[in-house]
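Okay, structure first, notes after.
Chain lettering (A, B and C) follows the sequence in which the chains are written, and residue indices restart at 1 in each chain.
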Amino acid sequence: MTNDDVRTVSPALANYTRNAIVGDLWKRPGLSSRDRSIVTVSALIARAQTIGMTHYFNLALENGVTPTELSEIMTHLAFYSGWPNAFFAVEIMKDIFAERGVGEGQLPQEPVTLLPLDQASEARRAEAVQANFGDVSQGVVDFTEQLLFTDLWLRPGLAPRDRSLVTVCALVASGQVAQITYHLNRAMDNGLTRAQASETLTHLAFYTGWPCVFSAMPVVKDVFASRDK
Amino acid sequence: MTNDDVRTVSPALANYTRNAIVGDLWKRPGLSSRDRSIVTVSALIARAQTIGMTHYFNLALENGVTPTELSEIMTHLAFYSGWPNAFFAVEIMKDIFAERGVGEGQLPQEPVTLLPLDQASEARRAEAVQANFGDVSQGVVDFTEQLLFTDLWLRPGLAPRDRSLVTVCALVASGQVAQITYHLNRAMDNGLTRAQASETLTHLAFYTGWPCVFSAMPVVKDVFASRDK
Amino acid sequence: MTNDDVRTVSPALANYTRNAIVGDLWKRPGLSSRDRSIVTVSALIARAQTIGMTHYFNLALENGVTPTELSEIMTHLAFYSGWPNAFFAVEIMKDIFAERGVGEGQLPQEPVTLLPLDQASEARRAEAVQANFGDVSQGVVDFTEQLLFTDLWLRPGLAPRDRSLVTVCALVASGQVAQITYHLNRAMDNGLTRAQASETLTHLAFYTGWPCVFSAMPVVKDVFASRDK
């Protein structure tokens, strides 16, 4: 759908798109184009918004997100947004990869060599989750350790900082406010700056709608404050 | 999909649709057909429920929601439900407008003359948000003022009361409970009556599912109570 | 979309699907294949995830969920996830029923003889909701009694325990945490065991994403604890 198509329904929306989003938002200095692409793609996948995927997956490749990184983002979001959300994205991405001739050589082939695990930190996380939720669902607790924190998160195709950014965006985009505290802290430990987190919210407002962002802001505020101490 | 199609999977669902929704809900006196159309369309867009859009966008036009108002609802929900949600709706609406011969002359052409701003009220809102979230994301705070409250909300094509109704419906429909307090108060300040707000919840229950409405009810209850003081 | 299609975008995701989901999750002893199908189908409908529906609706039939039960699940979720979500599912199910030659004789024909109502329990529920929300929306309160608890829930085509399982899954899958307490208690009163509830969360993690499940776990924990007293 082109901007002219939008104009036939709402000239105002066509203008907001052109001026506020294309002309202003994407050019703001607080976040690189590559980061903005990661944020946008993550929000679209988290919300299964197929309508924007072809455009923004292509734009991500043009903005320097590699095929490997996009492949990892989809894999990551299978766990954080659900398998069907990832499959909606994969269905669109496979056609884009085919058109662009992206093949096996440009994708992370199995098995990969995992990044080193910070064992002390993971032991603390695992212990806390076990104590809290072991008697609620041991299956969830076990898969969380085995598939997520000692496997998925250590895959080398996407930097931990980017993996965290993807996760935080998915949480904000799907209204999962209660999970933001842990993952925003992790993101900042992984190198996401406060200015980038802040601008990520600005960017997300347009793609997820204002309410998702306003519901996330009190939590982000608390995380920022807790890190000042 | 016709009611007979539904019947081949669930005779019960076909009957509930015919009796409870078409035969009863839409004829209840608490809300006009026009308002019910605004509520339904807003819920569908907020949840990207493309399946109902063709039917309910046409019904909205038949129930007296003008092309201009539908155009403004989509523009409004770009901000309140996210750009991709609006684009799903625009894609379907553009075909309906084409079929019905709705052209430029029936849509708000740019630039529009904005409604007058209640400066004292906006200053209070802006100050509160700045104090609360300025250090979380100045970008969000600034766009909220510049694009939303001194621009979008002042566009003349949709009455403030209807704009508020659209917003409240989107919040309930997407589970954004934390944002209901501000916007329901604003809606009632803009002329939405308590009886209409109440019946809006009844109507939404069918289109968003009961849980969204039951999660919203404690907040609505508090808003009603706070306005009794 | 085949596993080989997934592999062209993410060999890792193809392997996780084959090993963790098909090879491990579905074979875990904590929940029967039939229950896993009910859980999966409910999550897909609650999230309008059309991409997985054809596969998982067929699998449900193969795992012993009857056409009548699937018909009732869709009818039930019209109320608990919203009419459009049910219609997305009906549209896909009607083609599957047509292909498999499932006709009127295998579907619950109207009118059905309702299961007996536990009048004391329903009176308590109705009274509590009336007291709490009667002045918020009498329409919601009335329809909740007339359409849901003295009608839908008493339909014989889906056992109350399964109906409860469907409801709990829809709540977790759509992030409606505030409604879990009532419905998980009801599910366990209806015969869902703690081990099954626990494994349901494990299963859902893959289909709804981890955050939905982690947001539900504190509530499930409280329900379990309250039933220990």
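Observations on the model:
One rule holds in what follows: a contact is a pair of C-beta atoms (placed from the backbone, for glycine too) under 8 Å apart; a residue touches a chain by one contact, two chains touch by 3 or more.
Quick caveat, the model's predicted, so the values are computed rather than measured.
Overlaying the C-alpha trace of chain A on that of chain C calls for a turn of 120°, given as a multiple of 5. At the chain B-chain C interface, residue numbers used by both copies make up under half of all numbers present, so the two copies contact each other through mostly different positions. The centroid of the Cα atoms in chain B and the matching centroid in chain C are 28 Å apart. Shared contact sites, meaning residues of chain C that touch two or more other chains, fall at 48, 175. Touching chain A in their complex are the following residues of chain C: 1, 5-6, 8-13, 15-17, 20-21, 28, 30, 43-44, 47-49, 51-52, 175, 198-199, 201-202, 205-215, 217, 220-221, 224. Touching chain A in their complex are the following residues of chain B: 48, 71-72, 74-75, 77-88, 90-91, 93-94, 97-98, 104, 107-110, 112, 132-133, 135-140, 143-144, 147-148, 155, 170-171, 174-176, 178-179.
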